[in-house]
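Written out below as structure tokens is the structure these notes cover.
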Amino acid sequence: MSAWMHILLDAAPHPGIFLPAAEAISAADTAWMLMSTALVLLMTPALGFFYGGLVRAKNALNTMMMSFMALGFVGLAWALIAYSLAFAEGSSWIGGTGFSLLSGVGLEAKGSIPHVLFMAYQGTFAVITAALVSGAIVERMRFGPYLVFITLWSILVYAPVAHWVWGGGWLGKLGALDFAGGTVVHINAAAAALVIALVVGARKDYARQAIVPHNVPFTLLGTAIVWFGWFGFNAGSALGANASAALAFVNTMFAPMGALVVWSLLDLRRTGKATAVGAATGIVVGLVAVTPAAGYVSPLSAIVIGAIAATASYHALLWRARTRIDDSLDVVAAHGVGGLIGALLTGVLADRAWNGVADGALFGNASQLTVQTLAIVATIAYSAIGTYLILKFIVLMAGLRASSREEGIGLDVTQHGEEAYSRGEGAILVQPERRSAER
Amino acid sequence: MSAWMHILLDAAPHPGIFLPAAEAISAADTAWMLMSTALVLLMTPALGFFYGGLVRAKNALNTMMMSFMALGFVGLAWALIAYSLAFAEGSSWIGGTGFSLLSGVGLEAKGSIPHVLFMAYQGTFAVITAALVSGAIVERMRFGPYLVFITLWSILVYAPVAHWVWGGGWLGKLGALDFAGGTVVHINAAAAALVIALVVGARKDYARQAIVPHNVPFTLLGTAIVWFGWFGFNAGSALGANASAALAFVNTMFAPMGALVVWSLLDLRRTGKATAVGAATGIVVGLVAVTPAAGYVSPLSAIVIGAIAATASYHALLWRARTRIDDSLDVVAAHGVGGLIGALLTGVLADRAWNGVADGALFGNASQLTVQTLAIVATIAYSAIGTYLILKFIVLMAGLRASSREEGIGLDVTQHGEEAYSRGEGAILVQPERRSAER
Amino acid sequence: MSAWMHILLDAAPHPGIFLPAAEAISAADTAWMLMSTALVLLMTPALGFFYGGLVRAKNALNTMMMSFMALGFVGLAWALIAYSLAFAEGSSWIGGTGFSLLSGVGLEAKGSIPHVLFMAYQGTFAVITAALVSGAIVERMRFGPYLVFITLWSILVYAPVAHWVWGGGWLGKLGALDFAGGTVVHINAAAAALVIALVVGARKDYARQAIVPHNVPFTLLGTAIVWFGWFGFNAGSALGANASAALAFVNTMFAPMGALVVWSLLDLRRTGKATAVGAATGIVVGLVAVTPAAGYVSPLSAIVIGAIAATASYHALLWRARTRIDDSLDVVAAHGVGGLIGALLTGVLADRAWNGVADGALFGNASQLTVQTLAIVATIAYSAIGTYLILKFIVLMAGLRASSREEGIGLDVTQHGEEAYSRGEGAILVQPERRSAER
Amino acid sequence: MKLVVAIVRPEKVNDVLEALYRADVRGLTMSRVQGHGGELEEVETYRGMTVKVELHDKVRLEIAVSDHFVGPTVRAILTAGTTGEVGDGKIFVLPVEKVYRIRTGEEDQSAVTPVETDDAASS
Amino acid sequence: MKLVVAIVRPEKVNDVLEALYRADVRGLTMSRVQGHGGELEEVETYRGMTVKVELHDKVRLEIAVSDHFVGPTVRAILTAGTTGEVGDGKIFVLPVEKVYRIRTGEEDQSAVTPVETDDAASS
Amino acid sequence: MKLVVAIVRPEKVNDVLEALYRADVRGLTMSRVQGHGGELEEVETYRGMTVKVELHDKVRLEIAVSDHFVGPTVRAILTAGTTGEVGDGKIFVLPVEKVYRIRTGEEDQSAVTPVETDDAASS
């Protein structure tokens, strides 16, 4: 059951039954949701820097572009059709086409904010979810097919899953708790990441050669801005400037703090050194894990969630590196494991005293854990299969993978005809012709 | 007619007649305007990174400083006199001196927010408009004269034009539609850019040698933050957390998405590769084009505006590169063309059903297009002439242009005595003397 | 007396007597405080970039990590105990343990926002104050002891001082004016910085060799984001979206503008060149100086404060560089001197006509200056002694200082096992073993 | 003594280093360079400007060896550095009159035999 | 065979490359260096610290040529690389004992004649 | 004429430059390189990956001097460049057949004597 629905229903007696509320627009809620939408939008380029710093310089732009372009292609797909499939009146499985081309999406109230704003806010989620997947196939996937993939994926995979949980679909009706997208966004993206990493295959240098981050400060910068944006992601999911938003906000602040501390201590224990890349990863994992729980658990529980998720993720990451699965930037270990821990612990630590909606197992509602598990399994299964089919379809038209030569030269030059950092020596002006100057 | 005025007048029957409203301060509107002001302020340094990444490393700091310094010199000029000339009771042509030195600018309500906040919000517009101009003369203009130029320009050119459209001046009275500054900010800056580029002249390497961006990630970073800030720029222009703000916000999100997609497709068609610099440019062009339209058109129209502006700007840019006009970072092709398309399409696609204020040609109000054209022409003419005169005046005191030797070494070392990226080798400590350590 | 208390007391007749107010939660105030908290949180990583750009590349990550890690260790310390020591019912000298482990910190109203949010907002102040200190000992302090230091310092030094001024302690009762932390944050951090710089000692290259910033654009980026965040820091200190917030906001915008202009002119006069590092420093000094004054003085006074602080700080910085005190990033000259000027001028320029609370010396209340001075002296004394004792305690367990060899190689590799910028050549994969690929 | 200067592909550096190690070559100095030769140029586009990049990233190795070591060194590079595609690089052998080890002032032969530390040995 | 090492101004690199191309010099290796000589120092200021930068950015070209090619190569650089201002740089001609093409193992003369691809030809 | 090539520690560069200056060596070219020799390797960890960094940052000096200057130059580097710890670097002395000053076309000896400007003098 989604945070939004609580608001729309002001905590309905029958969680899951979707009743569009007919409230008036609140200026204060609108102010906060305007800001939240901007914050979530900012997360996607920030992700580009988080990812871009971790790859080699010759692939920096390509990696960043994988995030930036999601803003264009997924964003448009959302306005044209995906929003409708996710949030328009429809079946338990998928929304209708009532809102396609934004028809019927106007300034009227949706909850306590204008409907267009709600649509835009949700759109920012679709964009970043698609961008998250890119971490699994950096440094080797051709750019054209990538664009086709994220566009189709956001329509065929993201929209339905969002509908299930938030759009009045079956998982919402079952009362699955996902405050801001632990399942819909992170587990969903991670499942897709695993599949695409396997289908595209490992980088030629993977496990043969050291592949070292080219700009760790960019990764730290991305982390900082992602965290900043995440306040809109989680606290904005309360859809208003209310107590639920305040709780979600505070948890979004303290869970990553807990994760950061734990991650550093694990680093110190294992290698004697607290790494910066580790700190960045720990923060993100804490943010991921608290996402489904943000508005449902106490701040202390949030710290616990961050700490547990960090531990799990830390070891998942070490294990993954020993496998042949080149999930290059560890989308599965960070967002998959983090999302999983978060979704399950939400089922355990949810506290009606704080959220006024539902209790978790720890507070006597054991069944919640079952629902959470069901939501996780269903999402993973659907996302994995959907991703696989989309990729198989694209392969019919074009290869997914850059040639070994292109991979060697780097995708910036070969896919984008640019270098991230250039001194310009030996670059000969071809066009406009030099003549133009003598003219 | 300005967005602010609608608010102040709550959609007055006689658009253009300026009546200071005596409403009470709204906490919600204040919250949003506090945020919006911060967002717009952030755009100027972000512009510095957008521009700074596109130049050669030896001029990176100089280019960034051209934006950062506008925050100081233009900002102070605004507080001391320019705000008054733009917004104080005055003639149709220019505001009075009633608000000079901020006298009479207090905590009383201006619309539904404190007057000081309104003044500050407007100030951020003056700052970035001046900074935008710098893109035309990077890598060659002396810094001192540049500082004098932007200070004078903001007082003598920006303030009057802002008054015409937003301060109760003649263009506003005629009912010209410019929600957030397509004309006042972007066309105005572009006209000035063209003139200053011609007066200062081309870089010595221009069209003789390849001049390649030294740090494209910085340009992408600038783009992301500029977009983020633009939500304050456009949605903030509603001067409150209202439906108009929500509409402006959503359009500010989708127009650049449309522009980004179109730009990439044009890139792919022309070169087979979607460039990162192109993506950044496309996003900015989409933002520019939707600026005058933000609160007046439907989201679908916003996407159309972004798409059309991207196409026009894309080709303008290719054309410009073949000319001898060294508008180095294409202020004209991006902000001029984008602003022009936006201002005109506002006159076409404005929809009273969405903005409650005015219809465009498409909705039967053909005359609007005439008014828009008039506003554009008047702004270009005044800005071009004003810029030219200011430059001629400065030349009386000092040369505008760095020496060819300085241009060769780079402006960072010659104008600022610094290097953007230094390893410190061969840098000998002069002061404080080494002795100090032995002491 | 703190800004918050005014709100809580709606300007109580007996400034300083702390009465927890029982108002209802305001959605608008909550919206602004959600945003403000996010903004202040963002300041700490931004500080990491401001500092990180100023050091040599081999210490870039270590310097940034000193800020990032404060988010983890100080953040948790705040939730577990420090918040309670600062804001729980207690003595005049220190708060009680009533709020430890966040017990009793729930969604109930604190002023007009949820208590948890107030706690989180205050937490962001504790984090950045600790991080500020790191500027004094970059490029040479071991990371483990640093983590222990900031954790203890935030509990034993920051929390009590915050209590004195804002938590109902003796300085607040005396009516000391510190709107957003000129004394509690900046003077406090600067005193600690001086002590830790002296205890740890100068870098081996200090005053022997040129130590040049490795990435000035990062410093500019940090400056821009810090300024952006500072609006939450100062305007958020009004604890609501009210006129006081608007005033604080506007002053936070114009004071640094004034400081920036003055700093540049001083630079131009001294060296003939306006430096970028100088511009960044000037902006920060202006922000520091206006912090205690933000909600108490007129915008014109704010400009004056910025200008005076810039002048003082500029010369303090030149002087410091000639001494043997390796306060490497000039925490004292920037935050100490800036905070001092700001705190004193608040006592002079505070204007009841603007703040509705208290007048400064200029408006006939000379005694205010005495109170301000007392607050400054007490804070410096306590902070210096506390810092010294904490360091002496840590030394019992571990050395504070990296070995000369480690200092030579750089702290990134030796403390974190990473390089900020790596091309990966000659990096041989050790683990996971290459075999894994052949498997 | 001779100075062997080799220009190799960045992606081949690790293989070459390993081959040199096996050939008992311990000391060398490396730098990033850009080379022009028979390779295809890359075309790059920045807004309205199209540029042809004639230079490709290469790595330059500088190895001082005593005469009888020249053969093995060159062979190691030739075998480990080749991909068969244009752009593999060159090797130049230059005469050296004198070599000094700065730490000790030792000359020639003895100057280029690194001290064996366990780490180095295990590398 | 000889190795021509030239230190030139960065802003002159493209002109020099073009001159070399016209002189039928196809292969070369380039690197960014910093040089000290008779040029004026730049003074930089960072907060309280003033530094004198004694090094100026230069570009180092390394060109292996067969003996009869030395003249044309040097002349090309001398003409294309000069501005007449202090700091134009130097050329050093070093003897080379052997040259190998890594791709093929070819030696000397033949090792430095790049394969002609259309692009290279048109460059 | 000879070409003295020295590999030194980055942290020693300024001392070496000063020593060279005192030895009346005015012109030189410097570049950042990475070296492998007897030094301990650094171990780095990035997420699940552990790497051993076998290369250490060094600085390469290239100094063309007339024969009678070789001694002083080498001595200056040997004294100023040493720390006594493994990794101090090497000096190579190579024969040079010809030197040109690009600005003037002057050859050899005269080509490497920089014009004395006040600044250079005071450096």
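Should a chain be cited, it is by its letter among A, B, C, D, E and F, assigned in written order, with residues numbered from 1 in that chain.
We take it that contacts are C-beta pairs under 8 Å (C-beta built on N, C-alpha and C of every residue); 3 or more make two chains touch, one makes a residue touch a chain.
Bear in mind the structure is a predicted one, so any value in this text is a computation, not a measurement.
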item	value
Contacts common to chain A and chain C (chain labels)	B, D, E, F
Starting at chain D, fewest touch steps before arriving at chain F	1
Chains contacting each of chain C and chain D, listed by label	A, B, E, F
Reference interface C-D: repeating pair among B-F, B-E or C-E with over half of contacts shared	B-F
Contact-richer chain pair [B-E vs A-B]	A-B
Between chain D and chain B, distance of the C-alpha-averaged centres to the nearest whole Å	51
Whole-Å gap separating chain A and chain D, where each centre is the average of the chain's CA atoms	44
Averaged-CA centre spacing for the pair chain E and chain A, given as whole angstrom	49
Multi-partner residues of chain E (at least 2 other chains)	14, 17, 30-32, 34, 36, 44-46, 48-52, 54-55, 85, 94-95, 123
Chain B residues counted as touching two or more neighbouring chains	26-28, 31-32, 35, 209-213, 215, 221, 271, 273, 275, 277, 321-322, 417-419, 423, 425-429, 431-432
Chain-level touch network, classified as line, ring, star, complete or other	complete
Touching residues on chain E, where the partner in the complex is chain D	3, 17, 26-31, 62, 64, 94-103, 105, 111-112, 114-117, 119-120, 123
Chain F partner contacts - residues on chain E that touch it in the complex	2, 5-8, 31-41, 52, 54-55, 58, 60, 74, 77-78, 81-95
Residues of chain E that touch chain B when the two form their complex	11, 14, 34, 36, 42-46, 48-55, 85
Interface residues, chain A side, partner chain B - complex	25-28, 30-32, 34-35, 37-38, 41-42, 45-46, 48-49, 52, 60-61, 64-65, 68-69, 71-73, 75-76, 79, 101-102, 105-107, 113-114, 116-117, 119-120, 123-124, 143-144, 147, 215, 218, 221, 415-424, 427-429, 431-432, 434, 436-437, 439
Chain C-touching residues of chain A, taken from the complex the two chains share	26-29, 31-32, 35, 39, 56-57, 202, 206-217, 220-221, 223-225, 227-228, 231-232, 235, 240-243, 245-247, 249-250, 253-254, 256-258, 260-261, 264, 268, 271, 273-277, 279, 282-283, 298-300, 303, 321-324, 354
